[in-house]
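Provided herewith is a single structure, encoded as structure tokens, for subsequent inquiry.
Letters A, B and C mark the chains in the order given here, with residues in each chain numbered from 1 onward.
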Amino acid sequence: MSLLQIKNLSVEFGSDKNPFRAVEGLDLTVDQGEIVGIVGESGSGKSVTMMAMMGLLEGQGRIVADQLEFDGKNLLTISARERRKIVGKDISMIFQDPMTALNPSFTVGYQIMEVLKLHQGLRGAALKARALELMEMVEIPAAASRLSAYPHQLSGGMSQRVAIAMAIACNPKLLIADEPTTALDVTIQAQIMELLVSLQQSQNMALILITHDLAVVAEVAQRLAVMYAGQVAEMGKVPDIFRHPTHPYTEALLKSIPEHSKGAHRLSTLPGIVPGQYDRPSGCLLSPRCPYVQERCRAERPALTPLPQGAVRCHFPLYDKESR
Amino acid sequence: MFSFILRRLGLLLPTFFGITLITFGLIRLIPGDPVEVMVGERTLDPQMHADAMHRLGLDKPIYLQYVDYLHNLATGHLGESLVTKDSVWKEFTTLFPATLELAVMAMLFAAVFGLLAGVIAAIKRGSIFDHGVMGLALTGFSMPIFWWGLILIMFFSVKLGWTPVSGRLDLAFDIAPRTGFMLIDAWLAEAADPSLNAGAFKDALKHLILPAIVLGTIPLAVIARMTRSSMLEVLREDYVRTARAKGLSPARVIFIHTLRNAMIPVLTVMGLQVGTLMGGAVLTETIFSWPGIGKWLIDAISRRDYPVVQNGILMVATLVILVNFIVDILYGIANPRIRHAK
Amino acid sequence: MANVQASPVATAADEVALSYPSPLKEFWQGFSHNKGAVAGLIFMIAIAVSALLAPWLAPYNPIEQYRDAILAPPAWMDGGTSRFLFGTDELGRDLLSRLIHGARLSLLIGLTSVVMAMVPGVILGLIAAFFPKVLGSLIMRLMDIMMALPALLLAVAIVAILGPGLINTMIAIAIVALPAYVRLTRASAMTELNRDYVTASRVAGAGLLRLMFVCVLPNCMAPLIVHATMSFSSAILEAAALGFLGLGVQPPTPEWGTMLASARDYIERAWWVVTLPGVTILLSVLAINLMGDGLRDALDPKLKRAA
């Protein structure tokens, strides 16, 4: 059985009269020790999905799903108290901007030890030793002295390492990394990714990597879900999707990676933006931007159709070119 | 931390000297004859007038007069009241505990309820409670407190008879001032001689409660509004999401991770309220016949007791800047980013 | 490589964006969104109208004493007569007439002291921003000192020197309000000075006065207007407090605070003498503060987002 199973998850914001679906009919499974990439432009619902699962939306969003199960526990019916025993321990999350993700009023050590106290009941010397061990695991130099540093005294890369140390403190079964390198310098980005992958292997965690950068996913992930406007556009194994994208949106994303457009004169871009609350088209959500758009696409929303190697949400998937 | 305190101290001194300049100038700006103003008598005899001018140092150049004034201040000579002939310093120190007791209770009342209301309003944002609290806070902020005092007296003292109308303690009790704080003195006296002074503490508390509410009303409103908006701002911060992602309880997320940071601007505002409290004390003490600094100053003004007005204002202003200095230091402790700023 | 046409959505969005509302309309939309602010505005218009038309609206001369009707209760009470709608005070003067005439004084004191504080405050603030080294820091230290004194105490001290009265009340309140204007103007002018449009005018050869008043000042107006509203309400409160202490407008002039000065003696006998002037002060100040909140929402986009 999968570690995480999500079936038909929807998240709605706004008033009852004027609802906005940030996530719509999302399916996702993650197995133990697996790296899954979730890719999409900003506003495509990647983060909201994960926040909904962890109960971080704080009553702002309405969550509906057929199934939302982690490690055999039903996250839909679980009490807030029970959920808090899982969140931060078995599922943990690291965020995009490390400079604002740490509380400026407390030392780094305090913020790491807080998790250990809460979930593992560590006290005294054992607590301090474990915090130090974690700081060393995330390769922070001079770890002992940095325990008493305040976040504003650390660089962005260091802060992200601290955030990772906090997230892996209780040996989670699933780590969600929400654009963990986007806010960092290019040289630091590679280091942090390397650290995440090596920790994932040594701790045997599952890792969900949320990113808008397909290149990162190509290097580390086994499976991939491409999201567009709150829906999964395509999902499957990484090598399959990279070799034969079946959704026009995936194809466009791949073409926008420099390494993939060798020989092209200019880097391809997809014009327009992800539709917002008020400008959702009535047909396929990609139809205003899709290069292959047909009449049926403007009239009728496609459903997610299973394929041998995954699933795709398109009336005219790219594998049967002759039907166009 | 030490150098941080020193830097703040460096800003304090010029302000203090500026205030001495104002209080020094105050007396000289009063229209009329300076001897009349200083001595409070109409000395018609020119020789006596000249003697008085010399005795008071008023025949010296103005800058030397200021140096004299500073010298007197430095050696603790704050002059004497024209009415009671007591030294201003002695009167101040006798009356100050009454004002301090009132101000501390008012601030306690304002801080406890203001923080509580602000935090709950922020958590329940948009609810009826939130709207109600914010409406009440704006009303409190708009309150003419001298009238508010009268209304409370009318209701609780006259109509219901729950609280006394004025003063600090019933005349039936005779309690020697030991600390100057009536609550403590009454408690000590009651403990020392329970038969004679039974109920003294309760009586002192009853006297204190209405003035403290009146004086605390505006700070309460300001603190509630500031706490709410500051909490809302901090609740949107990424690190609050991080705290929740750690699986911390909502209480811990609110009171440790959010409130700690939201307190920083609230603390500043609380410090600024000390000025409001001293201004409000003038009105509150007048309404409740509370024998403190505020009533003392107003009485001195109406009696044209200028030495008291001059140095009384100096003492109060010094007090206010000292409290703001302490708040600055606390601010540094609460906010590591400020403390480490070079 | 896929060659894609420009999306139709983008052009539609461009057309919508072309019809911007006028600044005034945009302001009114923001302001009227706040129901409390609109209620405050309506109340203040009513107060202003009754102040302007006081001699015609008030049923009696506010200082005329009706010895036959001393402490007459309001009309709806037992023993009240329709002759005096809100009753009379201890000298038999009609309370309603006194309250209506009192509105004139309160608005007059508020307006005058706001202007008297704002004009020099803005000029000093601009000077402090344009010459930050010597002149600026001198001005700011002076303002720090004035701010160290509690507002009401400073006002009391000034009136103690100048003597009580209407003009001196206005002067005292204006002096107390001055430092906040200087600080606010300086702070917003300093941020504007770093903007490119100021540099551009400088390069174009704009003179100092032009830079100060034509170039920079209009861009500092939003917070100043909001603050002026708030200081208008505190001016009314302070004037009333001074009147209550016997240091403000002197009797028999019908000032709201002065009317309360003697009210303490009638707590047990005549609640209307105590209650009505205070309610009038509270409602007026509340109305102005509600308007101030609405103005801030409508004028200050930064604060709007935070609220």
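By our rule, a residue touches a chain if its C-beta (ideal position, glycine included) is under 8 Å from a C-beta of that chain, and two chains touch if they have at least 3 such contacts.
On a predicted model such as this, the values are computed, not experimentally measured, just so you know.
Colleague: Using C-alpha centres only, name the chain that sits farthest from subunit C.
Modeller: Between subunit C and every other chain, the largest centroid distance is to A.
Colleague: Please state which pair of chains has more C-beta contact pairs than any other pair.
Modeller: That would be the chain pair B-C.
Colleague: As a quick test, compute the distance in whole Å between the mean CA positions of subunit A and subunit B.
Modeller: Those two chain centres are 54 Å apart.
Colleague: Between subunit B and subunit C, what is the separation of their C-alpha centroids in Å?
Modeller: Distance between chain centres: 25 Å.
Colleague: Quick check: in the complex, which residue numbers of subunit B touch subunit A?
Modeller: 237-239, 241-250, 257, 260-261, 334-337, 340
Colleague: So in the complex, the part of subunit C that touches subunit B is made up of which residues?
Modeller: Going by the criterion above, the answer is residues 36, 141-142, 144-145, 147-153, 156-157, 160-161, 233, 237, 240-241, 244-247, 257, 260, 263-264, 267-268, 271, 274-275, 277-278, 281-282, 285-286, 288-290, 293, 306-307.
Colleague: Can you name the residues of subunit A that touch subunit B in the complex?
Modeller: Spelled out, the residues of subunit A in touch with subunit B are 54, 56, 58, 80, 83-89, 92-93, 95, 97, 100-106, 114-115, 118-119, 150, 152-153, 163, 166.
Colleague: Could you list, by residue number, the parts of subunit B that touch subunit C in their complex?
Modeller: Those in contact with subunit C are residues 14-15, 18-19, 21-22, 26, 29-30, 135, 138-139, 141-144, 146-148, 150-151, 153-154, 158, 229, 232-233, 275-280, 282-283, 286-287, 297-298, 301-302, 309, 313, 316-317, 320-321, 324.
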